[in-house]
Amino acid sequence: MLRTEAVRNILSWYEGETPGLKSNLSRLLMHGRLAGTGRVVILPVDQGFEHGPARSFAPNPTAYDPHYLYELAIESGVSGYAAPLGLLEQGADTFAGEVPLILKVNSGNSLVSSADQALTGTVEDAMRLGCIGVGFTIYPGADASYGMIEELREISHEAKSRGLISVVWSYPRGGKVTKDGETGLDIIAYAAHMAALMGATIIKVKLPSAHIDLDAAKSTYDKYPVDVNDAGARVRHIMQAAFNGKRIVVFSGGAAKNTPELLDEARAIRKGGGNGSIIGRNSFQRSKADAIDLLNQVMDIYA
Amino acid sequence: MLRTEAVRNILSWYEGETPGLKSNLSRLLMHGRLAGTGRVVILPVDQGFEHGPARSFAPNPTAYDPHYLYELAIESGVSGYAAPLGLLEQGADTFAGEVPLILKVNSGNSLVSSADQALTGTVEDAMRLGCIGVGFTIYPGADASYGMIEELREISHEAKSRGLISVVWSYPRGGKVTKDGETGLDIIAYAAHMAALMGATIIKVKLPSAHIDLDAAKSTYDKYPVDVNDAGARVRHIMQAAFNGKRIVVFSGGAAKNTPELLDEARAIRKGGGNGSIIGRNSFQRSKADAIDLLNQVMDIYA
Amino acid sequence: MLRTEAVRNILSWYEGETPGLKSNLSRLLMHGRLAGTGRVVILPVDQGFEHGPARSFAPNPTAYDPHYLYELAIESGVSGYAAPLGLLEQGADTFAGEVPLILKVNSGNSLVSSADQALTGTVEDAMRLGCIGVGFTIYPGADASYGMIEELREISHEAKSRGLISVVWSYPRGGKVTKDGETGLDIIAYAAHMAALMGATIIKVKLPSAHIDLDAAKSTYDKYPVDVNDAGARVRHIMQAAFNGKRIVVFSGGAAKNTPELLDEARAIRKGGGNGSIIGRNSFQRSKADAIDLLNQVMDIYA
Amino acid sequence: MLRTEAVRNILSWYEGETPGLKSNLSRLLMHGRLAGTGRVVILPVDQGFEHGPARSFAPNPTAYDPHYLYELAIESGVSGYAAPLGLLEQGADTFAGEVPLILKVNSGNSLVSSADQALTGTVEDAMRLGCIGVGFTIYPGADASYGMIEELREISHEAKSRGLISVVWSYPRGGKVTKDGETGLDIIAYAAHMAALMGATIIKVKLPSAHIDLDAAKSTYDKYPVDVNDAGARVRHIMQAAFNGKRIVVFSGGAAKNTPELLDEARAIRKGGGNGSIIGRNSFQRSKADAIDLLNQVMDIYA
Amino acid sequence: MLRTEAVRNILSWYEGETPGLKSNLSRLLMHGRLAGTGRVVILPVDQGFEHGPARSFAPNPTAYDPHYLYELAIESGVSGYAAPLGLLEQGADTFAGEVPLILKVNSGNSLVSSADQALTGTVEDAMRLGCIGVGFTIYPGADASYGMIEELREISHEAKSRGLISVVWSYPRGGKVTKDGETGLDIIAYAAHMAALMGATIIKVKLPSAHIDLDAAKSTYDKYPVDVNDAGARVRHIMQAAFNGKRIVVFSGGAAKNTPELLDEARAIRKGGGNGSIIGRNSFQRSKADAIDLLNQVMDIYA
C-alpha cells in the first residue's frame, strides 16, 4: 500500500526532519490495521520494569514469555510495539521486520522511593534491533526533572541523527503537581506542550480529567473556558497544546478498567482529534483472543 | 502482510547478522509486487555517473528529473531503488518511506581511463535518507582492486554496525581478465564468490556467458562440466558460487536489448535459482508506461 | 564433547546476540561436571571484598592464596569461577584456559555505610585475562540504584560488543524494600525480571523466602497465588519472571548453613527449573576435600 | 580434560603474552582428536578466494555450502578451522563454540597479476564471531612485502591487545626468490624466522624441498650442512629457525597429491619436531567420509 | 648484579603482568643496600602536602630543599623515593637514574575537613620523570571511598599499560571505622586485602595494633584467633590478607617515635614476613647523618 493523503499530511508537519526519520515514522503510520489512517494504536510493555513481573503478567502467565508479546503485537495488527531492551532482544531476530519496534531507553521501578528513571538502553541498541525509534519518559515537576529533560535532549539528538523517531512519555509528578493534578487538564496540556517543545516526534500523555491543578492557571481557564465535562473537548485542548494538532499525540488510560470505558475513551480521543491509544495492561493481561478482540474494537473506532 | 516462509528461509541464511540488518533486508523482500516471493527486481540508476547524462537520459528526457525515477520505482512496484547521493536526495523527503532505497556509495565515470571508483556517499548519508542499505562496486582484477576491496570492508563494517545491508556490484575487469572474460562463466562465478566471502548481503553480477576465461580454471570445467549452453545452468553455477544459493544474487543484463531477450534472461535466472534482476537502462530509457509494462512482465516471471 | 541439545536450546534463547557471545556462553555450559546439562554451578569469591579477608578465609587459611581458589574451581569441576581483579590476576597465567573465568567488575565493602559499589575492573581487563564474561552487582531500591543500573548498561554494552557475557548479581536493598524483603518472593522475582530487562546473559539472585514484601504486590499474589511453602514453586515463579525460563538464573543461599540444607536447596532449584547454584563460602571455607565432596553432591543433583 | 604437560610446556614459550592470548591458544591445543598432544591439524578454506570457487569446490560440490565446511571441521575432530569472513559468518551462529575459529583477515585472488593481498576482515569481526585468533598472509620478497609486513604489525598488535592469537602464513615469492625457491629449504627457514620475529603465535609455511635458493646462503649451507635429502631433517631445520622449536609451526603441502604422499609428509613433520599440518584441498575436495578418513590417518600419526 | 632467587620468586607472583612492569619492579628490588633480599625500605615525602611545610621540615630546615631529599635517598641506600610532582621535578634531572622514583599522584591536605584526596600527578608525568611507578592513596570507609577506588582503577590500568608499578596507600577511615579502628588488626588486614584485589603491585598499610574494630568481624577473630599481643603475628596476619604473602607489603609506623621503637617495629615486620618499611618523618626530620644512621640500622635488620 502506498502512503495515503492522511499520512502525507502528517509527515508534512515534521518539516526539517530528515527523510530517514520520516521513513521510520511512515513505517509506523503504514503498518497494521490502521495503516494509512493517520491514527495509531501502540502496544507498550514496560510495566514489568515499573510494577514488577507478577503485577504485570500473573493475570495472563503466557505473557511472561517475550515471544508472546511479539505475537500479540503482530497478530492484533497494532501499529507498533514499545518495550525495554531485554523484551525486545528476546524476539528481535525471530520476528525481525514484522512489527515496528520502539525501544524504551529509560525505566523506573517500584522499589525506589524517588521519582526518576535510569537509562537502560541506547540508540545503538535501537539500531541493532531494527527499531524505528526510541521511547523516553520525563516526569515534569519531579526533583529529577531537569536532569531527565537534559537526558532526553541528548538521546533525542542522537536518535534523530540516525533517522530514528522519539516518543516521549510525558508524565508530570511531584513539585507543584498534586496527586489529582497528575491527570489534570492543565497539567496534561502542559506536559504535551513541553514534549512538543523538546522536539518529540510522538507524544504520549494520560487522558486528562476535568480537574485544573495549578492555581496560577485557574484564572486563564476561567476566562477562556474549556468544556471540561466533555472528554472530546478535553482531548481537543491537549491537541491544541501539541502545536495545534501538528504533533502526533497518543493517550493512555492508565489503570485497568472495563471494555466499555476503554471504548468510550477511544471515541473521545477520536472526537477530540487525538491520534490514538497506547494500550498495555488492558491487552496483555487478557487471553490472546480477548486481547485481540479488544484491540480490534478500539481500532475499529479509529479506522 | 506478514513475512512468508520464503522470506523467513532467506533471513535464516544471514545468521549472526543483527536483527536490524534482517529488518532492513525484510523490508526489501516484503515490498512491491514480488513481496514475499524471495525474489526481487531492483531499479538502479547509476548510469548518469558511469556514462554521462545524455547517454543515460536523452532517450526519455523526463528521466533527467530525479522525481521521475522515484515515481517509476514506486508505481512499477519494484522491490527497491538504488542510486548515488544526489539522485536520492532529490526526492527522499517527498517520497519518504514509499520504496526501499539503496545508496550507491562509490561511483566511476567515463572521463577517467583507469578502472576505479570514488567514494561518493557515506553510511551516515544512507541513514539520513532512510535507506535500507548501501551499494558498492568492486572491480576484481583491476590494479585498484585490492584498494577497492579494503574500502568495501570498511563501508560494509560500518553499514552493518548500523543495521544497513550491503549490496556489492562485483564486476571483474583488468588484470588477468580478458574483455570477453568480463562476462565469462568462471569469472562471474569467481566474482560472486568473492563478494560472498566479503560478507555481501546481496550480490549483483552480470549474467554469465558460456565463455571460460582463466587458463588455470579450464581443466576444472573440463573435468566437472557445467552445461554452458543452458543459461539456467549457468545461473545455477553462479548460485553454487554464492554459498550454494545461501546468498541473494541479482543479475544485470548490461547493454540494452529487446524485450523478448530480457524476458528470456529472467526465465533463465528463475530456472537457475537466481533471486532476480536489476534493470536500469531497459526501464528508465523507455516511456513510463512502457517501462512499467516491461517491469511487470519481468516480475510476472519471478512471481 | 560437542554441544548437547540442552545447550543448543539455551543458546537459541539469546537471539540477536553475536556468535562471539554465544561461544563464550557455550564455554561455560560445556565445562566441568555439568557440561552439556544446561545447568551450572559457579564458584564466586568476592567475599574478601564484601566482608574482609578474615571473615572469608580464616576458617580455611589456605584459601588466602589465590592459587588455591583456582585449584578448587578446576579440581571440583564446577562450571566457572568468578572473582575481582586481583584474585583472577594471581593465577590467570598459571591456569590459563583451565576454567571459564568471570571478572567481577564492581565491588562493595563493609567499611562504608551506603549501599553502593565501586567499579574495580574493566572489560579490557576481562579480555586481557581471558575471561568469558563480566559480573556486575545492582542494588535495586538503593539510593544509588539508578546510577548502578546506568553503569551496568555501559559495562554490558561494552562487554557484549567484545563477545563477553554479562552476569548480573541483582540484590534489592533499601528504598521500599524491608530487611526481610531482601529475600521476599515478590522482590526476588522483581530483581530477576529487572536483570532480564537489562539484557543480562545470566542472572544471579538469592533463593527466595515465602515472604511477600511490597504492599502494592500483595493483592496480585492473593489473586494469583504461588505455593509459597514449596521452595520448588518459589523457584518456578522466579523463572517465570526471567522471561518464562528463557534466561539462565543461578541462585545463592547466602550465609553459611549445613550440608543437608544446601542439598535441599539444590533439589528445590532443580525442581523449580532453575539453572543452578553459585556456592562461595560453603565451599572455600571448608577443606579442599570437603569442599569438593560438597560441590560434587550438589552437582550430582543437577546432573 | 585438563591441560597436559605438553600443552603447559608450549604455553610457557609465549612468555609476556597475556593470559587471554594463552587461553585462546590453549583452546586450540585442547580441542579435537589431538587435544593435549601439542600437535595440531587445521582445516583452512581460503582457496575460494585464492583460486576461485569452481577450482576449489567443483570436485565435491557439497563444499560450496559453508555449513558443510563447519561440519567437516567438527566431525573430523581437527584442532581448528580457518577461513575468510563470509565463510565463517555463514555458520558462526549455528555452530557457535563447537570448533576453534581463525579468521583469515587478508586475501588475494587469481584475477590480479600482482603478488599482494587485501584486508578483508578485522579484529572486531574476529571477536564478533567468537574466533580464537586471526590469520594473515605475508609474501616476503614481493614488491608489496614491506607494506604487508607493516599491516601484519598493526593487525597483530590489535589482535593481541584483545587476547587473540596471530597465525602467519609466510609465503615468500618475487624479489630474489625463484619459482623453485618458493619452497627452497633456505627460503622456508627464512620465512619461518621472519614470522617468528614478527611475533607470530603460530607460523604456517610450506613443507621445504631440498633446494637452496639464495646464492648468498649457499656457502653457509655448504659449511654447516643440513641432510637435505631427509624430509625430517629439513623440518628440523625449519623448527630451528622458529626459535629453536619454541614457536608452533604447521606445514602445508600445497597442490593436491595422493594419500600415501600426504601421510609420508606428516611422518616427516613429526620426525622433525613440527607441530602439525594444515590440510585444505586434500580434505574438502573429497567426499566427507574420505576426508574424515584421511584426516584421521594424519592425526593418528601426530597423536 | 643479577637478580637473586628471592627476587625471581617475588616477580613470579606477578603473573600476567607485562615484562615492562616486572622490569620496573625489579629495579626497585635490586637497588640500594637491600638489593636482592626481597625486602625494601622506601623514603616517602608527602607530609608537606598532608601536614604543611613547617610541621614537616622545620625540625631539619635543609629538607625544605628538594635536592636534599634526593641526596638522602641516594646516600642512605634506600630502595626508592616516593613524593608528589613538585618534589620529584626539582631534582629529577640532576639525579636522573640514581634512585628508583615513585610519583605520588594523589594528595590530601590538612585545610580541608573531608577525607578525600585530589589527583595531583599523572602517569605521563611519571614517565616524563623516569619513575618506576605511581603511588595512590585510598581511604576505605570514607564517603569518598568508592570514587577514590574508581580513580585508582583508572590510574592503575593506565600505569600498568605503560609498564609502571602501582603502590597503594590503603588507609581506612570514616564510615564504620572508629578512630582506634584506623590501625585495628581487622581493619588493616581488610585494607591490605582490598588493595590486593584492586591489583596493587605494592601495598602500603599502617602497622596494625591489637585492636579488633568491626563488630561483624569479632566472632571470626574469637573463633580463629591471632596472637594479637605479638607484633610479628599481627604482621603475619596482614601478609595472609595480602594473597598469603604473594604481594609486597610495606608498613609505616605513623607518628614519630624513638629509635628503639622503630627498630622493634622493623624486627616485628621481618618476623611476620612483611617486606619492609616506609620511613618518612623519622628520617628527613633528623640531620642527614642521623637519618642515614637510623635507616642503616633498619636496613641491617632487613638485610
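Order as written gives the chain letters A, B, C, D and E; numbering starts at 1 within each chain.
The rule is simple: a residue touches a chain if its C-beta (ideal position, glycine included) is under 8 Å from a C-beta of that chain, and two chains touch if they have at least 3 such contacts.
As the structure is a prediction and not an experimental result, all values here were calculated from the model.
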{"item": "C-alpha-based rotation, subunit A on subunit C, 0 to 180 degrees, nearest 5", "value": "70"}
{"item": "Between subunit A and subunit E, centroid-to-centroid distance (C-alpha), Å", "value": "58"}
{"item": "Centre-to-centre distance between subunit E and subunit D (centres being mean Cα positions), rounded to whole Å", "value": "49"}
{"item": "Mean-CA-position distance for subunit E and subunit C (Å)", "value": "36"}
{"item": "For subunit C paired with subunit D, centre-to-centre distance based on mean C-alpha positions, whole Å", "value": "40"}
{"item": "Where subunit B touches two or more other chains, by residue", "value": "15-16, 18-19"}
{"item": "Every chain pair meeting the contact rule", "value": "A-B, A-C, B-C, B-D, C-D, C-E, D-E"}
{"item": "Subunit B contact footprint on subunit A (complex, rising order)", "value": "2-3, 11, 18-27, 30, 74, 92-93, 96-98, 127-131, 161-163"}
{"item": "Interface residues, subunit E side, partner subunit C - complex", "value": "13, 15-17, 140-143, 145-147, 149-150, 153, 157, 172, 175-177, 186-187, 189-190, 192-194, 196-200, 214, 216-217, 220-221, 223-224, 237, 240-241, 243-244, 246"}
{"item": "List of subunit D residues in touch with subunit E within their complex", "value": "15-16, 18-19"}
{"item": "In the complex with subunit E, residue positions of subunit C that touch it", "value": "48-49, 51-55, 57-59, 61-62, 64-66, 84-87, 89-94, 107, 109-114, 116-122, 124-125, 128-129"}
